[in-house]
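Quick one: structure below, then a few questions.
Labels for the chains are A, B, C and D, by order of writing; each one numbers its residues from 1.
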Amino acid sequence: MSIRVGIVGISGFGGGEAMRLIAGHPAFELVYAAGEGSAGRRLVELFPGVPPRLAGLVVQKWDPEALPELDVLFASLPTGSSAEGLARVPAGVKIVDIGGDHRYVDGWAYGLADVWPEQMAGQTRVANPGCFPVATLNALAPLLAGKLIEPGNIIIDAKTGISGAGRGGADSRFSYAGSNENLQPYGLLKHTHMPEMATTIERLSGGKADGLVFTPHLVPMTRGVLVTIYARGQTTTEQCLDTARQFYADRAFVRVTDQPPQTKWATGSNLSFVSYAADPARDLVIAMGVVDNLGKGAAGQAVQNANLICGLPETAGLEGAPVWP
Amino acid sequence: MSIRVGIVGISGFGGGEAMRLIAGHPAFELVYAAGEGSAGRRLVELFPGVPPRLAGLVVQKWDPEALPELDVLFASLPTGSSAEGLARVPAGVKIVDIGGDHRYVDGWAYGLADVWPEQMAGQTRVANPGCFPVATLNALAPLLAGKLIEPGNIIIDAKTGISGAGRGGADSRFSYAGSNENLQPYGLLKHTHMPEMATTIERLSGGKADGLVFTPHLVPMTRGVLVTIYARGQTTTEQCLDTARQFYADRAFVRVTDQPPQTKWATGSNLSFVSYAADPARDLVIAMGVVDNLGKGAAGQAVQNANLICGLPETAGLEGAPVWP
Amino acid sequence: MSIRVGIVGISGFGGGEAMRLIAGHPAFELVYAAGEGSAGRRLVELFPGVPPRLAGLVVQKWDPEALPELDVLFASLPTGSSAEGLARVPAGVKIVDIGGDHRYVDGWAYGLADVWPEQMAGQTRVANPGCFPVATLNALAPLLAGKLIEPGNIIIDAKTGISGAGRGGADSRFSYAGSNENLQPYGLLKHTHMPEMATTIERLSGGKADGLVFTPHLVPMTRGVLVTIYARGQTTTEQCLDTARQFYADRAFVRVTDQPPQTKWATGSNLSFVSYAADPARDLVIAMGVVDNLGKGAAGQAVQNANLICGLPETAGLEGAPVWP
Amino acid sequence: MSIRVGIVGISGFGGGEAMRLIAGHPAFELVYAAGEGSAGRRLVELFPGVPPRLAGLVVQKWDPEALPELDVLFASLPTGSSAEGLARVPAGVKIVDIGGDHRYVDGWAYGLADVWPEQMAGQTRVANPGCFPVATLNALAPLLAGKLIEPGNIIIDAKTGISGAGRGGADSRFSYAGSNENLQPYGLLKHTHMPEMATTIERLSGGKADGLVFTPHLVPMTRGVLVTIYARGQTTTEQCLDTARQFYADRAFVRVTDQPPQTKWATGSNLSFVSYAADPARDLVIAMGVVDNLGKGAAGQAVQNANLICGLPETAGLEGAPVWP
């Protein structure tokens, strides 16, 4: 069986990773790629190592009215620029939006695939969680569902590799000389990812996610997200680990580790690592989550969601082990 | 006037940075260098770019009974290995211990030079703060002294470049392939730097530093420390900034910035950057501190302390602007 | 069909990459892993992201007399340490030696798989080329076979990521702080890789490879080899490119590009990029070759050779596109 | 004595490094800074760690007719954009042009300061050599002057950190994600730096520099240039080293080393490292040169040249040891 898929936003990092994963997928066939600046170029010009059967595919100017016959469309466009176009995609084409425009938007399912995989069945419009949110929520979900921590007063100290900021144009924060050997906090007390996280925390806990704090940092590495989360609760490290192991017992991609996870453990994969350290004497729980921001944080989870809405095994095309070192 | 100084631990990162700073110092003359594995080698073999007048200085086997005539000795030895030897150094030789053995030890002054410079006058035994503590305490001191935050329930999410871990031997955490493109939390809920920080917080605030949380992370860069600190208090960003500007008004090395500081701002310098973001609605204060772990976090502050105990201007030899990019 | 394979040297970089590739291979089943320091540990302790079906495999102490039933053994041991043990492996077990002990040794085939794939048929002992040699020889083979360049007076300026030097122990050349932001030439006018390259150049050209010059450099990146080769010949850029395109027309893994190849094009893959620039007015040909030192330069080509000696398609398990960025 | 200096191009990497060096210079006083995009901003906004006495200096729109009273102007503008403006600078203002517009241009002295320092006396218009040329020429000068190598058929394999390409705007070659973990050859058989090198080689040798080959590579590090040069000559390693040691016996900044130099040896300094390996049996000489592209390769040598034309010691303000690690 071949499922015809397309990617819009092919020249971005998320689109490129989607291409890589689809190229190795047993059921998906890439028949369409679209972009803006890259329109008219062949895939091999963008990705010199692309498999030969895809090398000659010509990138199209993105036009939702001029799609070929497609089963699934992956969209990886900058936040703010996908809503208008995707609204015009024919209803018969399933969409997974890696970008930020449709998270908790009516008519779109929120694709937190390791927590609520069953909610994907039958969906045709899926909003992929952001990279910081998925790292955070996969780590918190077992504790919130198990009432081990309070949903309020959660502090998320988040760190991402530079590709997490997208291709970034001329901004010196993303230039090599500006970001190498540099660690940059940004966006303090701002809220881009907050509503998505707060809403999900409330869904998981049934309580209010007030007092949520989120501080992102740019780390001088290409890929990888680590969140270090400080929450309140009367529990122990072992209880947190056990709860998470049970919560994810049937899930293919979440690894519960008793050592603090490192970003490189996930590089190039759809894996999600979670770990915990708790001190009941201080009413303190530290939860940690690691993902590859382009894997589980973007294209990996998008393929996982596409598998689920197409009735495939969720692991199809996603079984590769991480690249190390 | 020439002040005769020596360094023990010359081949470590802290010792090497001390050498660099002393080589450019207007009053200090390096007349003695000691080490273990490097004994018998000339400085130029360890540091190919050393100034010619120091190139031929031969590293001695560390022996406190065989010192030449010295005014000041800088010690930069691994924690646990300096106490015994330094106890045998003649009383007439002033010591600044960059290592961790003498912090809050009787007979040793704690050299938090930007906060308590006046306490250095007349000292002959100074314990240099650790790199995480100085970044943290310089950021917190104005808020604690000004009662803007509570001394309890402080969470310190700390990030360091790899040189912060010392030369590190064969540990793969410090190898290039193991640490590049990797972000590694470690030592969760452990306490190496905690007593030093808790004691100082209590001195500054007059209250109890209970509930202190400290989580260090290894970041793939050579130099730099950033601490992102979460505290409780009813204040505003502007009030925090103003308080810090007043607190450090007469200090040469602390820069209070309204933008989140980046580690690269301090590279190669003795500067300390602090900034704040507060949200009274959430009873939240975020304090940030940046230092170069080998500058203000080690050799820079050691030279600053040596200046103070020798009656020199605290800025002598430390006025170089950071290296950027 | 399942082919039972083992890896000795599992905790090294080459062994780890072999594990990753075998885990995704359609016919190979990993049933044995051996090492020295890692003996007794489960694979998941070495590789936190290993697929669950391999997680519990326990690393054995390397003992050629205590092998389970195996079809193929991959050996990835430091040069000098594999010859003795591999000589005791039963004849019925095919061996691909990623290490350096058996290159151009009697009884062992030299597995330059993209140039001489047909020579692999029926072999049971294959010596994998080194990472510098395969990058070099894949670039030179078409020109030498086509008599476009002279086999003498070839200068190879070679650059490798730090993992090319192996795990490296405590050598500061491989530490993060010693090698980051550093570019290090080494081993000038020494000859470790020279005999292997000279012999192959002579086989390809029928002439003498005298005057060969090889200068390696350590580059601050984890993976990747680039060789920039200067040779003499009366030809043009287009003629070189055309000759290479014909030479590799039926090969799956070699990409001939008209742009200078970048190391990141190959990361995580078994691809080999070659390109050329020639100036007949100066009797000059520049040949460039790029490989991932752990892919085509080690485990990738080893799997390719194993495929060939097992009668599988050479691409089995190796079709993954490179990881970018 | 205070010498009033200005910088045009303050926000570029070369201009920023000039600012850093002038800030620490015993005789130069920075009284003027000009730029394009940065006009109107205070220096502290561009350089958060700038010394307080310079923090408030406001960047001017570059206008050669509106200069304050100046003794020396440092120009660090992109190649092609300085000639017109600098022609309008009053004759009484000495100029050191770090950019590429005036190298071997009538009326401008070529400031190869370690080779021809005496030629700087009395000059008022100095063209600073490029970073690749100075690394190359400092390494070759002793051999060419001593007739140890032929001036023809010289091959220069050159490697630079990313800052060597300037701030670079939106070009993905200079983005973090595009250049990290990547090694990129570029500009093959092109000639930007060639005339400057060929002319100097001919001046030094008295012969023809035909057949010169120059291949630059972008290396994933911020600072540093290494050139590995292949030349022809009947000599020995020792003879090359001795010749260079004599040639540079009275020079402050050139270090002749018997080990291959590493780029990090020079970081942040005005040093130039040269080394050699020769094999008379193959008529081969390998010369190596290392500089910091922003130090000796740009602002460091510019300050050195300014010292010389102002009659100061050439080392004024340039004595700082390299930053390591």
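Criterion: a residue touches a chain if its C-beta (ideal position, glycine included) is under 8 Å from a C-beta of that chain, and two chains touch if they have at least 3 such contacts.
All figures in this text were calculated on a predicted structure; none of them were measured in a lab.
Counting only chains that touch, the fewest steps needed to get from subunit B to subunit C is 1.
Centroid analysis (C-alpha atoms only) places B farthest from subunit C. Annotation: A-B is the more contact-rich of the chain pairs A-B and A-D, by number of C-beta pairs in contact.
Centroids built from CA atoms put subunit B at 38 Å from subunit A.
Averaging C-alpha coordinates per chain places the centre of subunit A 34 Å away from that of subunit C.
Between subunit A and subunit D the centroid-to-centroid distance comes to 45 Å (mean Cα coordinates, whole Å). Residues of subunit C in contact with at least two other chains: 13, 163, 177-178, 180-181, 220-223, 261-262, 267, 325. Considering their complex, residues 13, 16, 19-20, 23-24, 47-51, 163, 180-181, 222-223, 252, 255, 257, 259, 261-262, 265-269, 271, 273, 319-325 of subunit B touch subunit D. Every residue of subunit A that touches subunit B in the complex is listed here, in rising order: 155, 157, 159, 161, 177-178, 180-186, 188-189, 210-211, 213, 215, 217, 219-224, 226, 228, 230, 260-264, 267, 277, 279, 282, 284, 286, 288, 325. Chain contact summary for the complex, subunit C toward subunit B: residues 13, 162-163, 167-170, 172, 174-181, 220-222.
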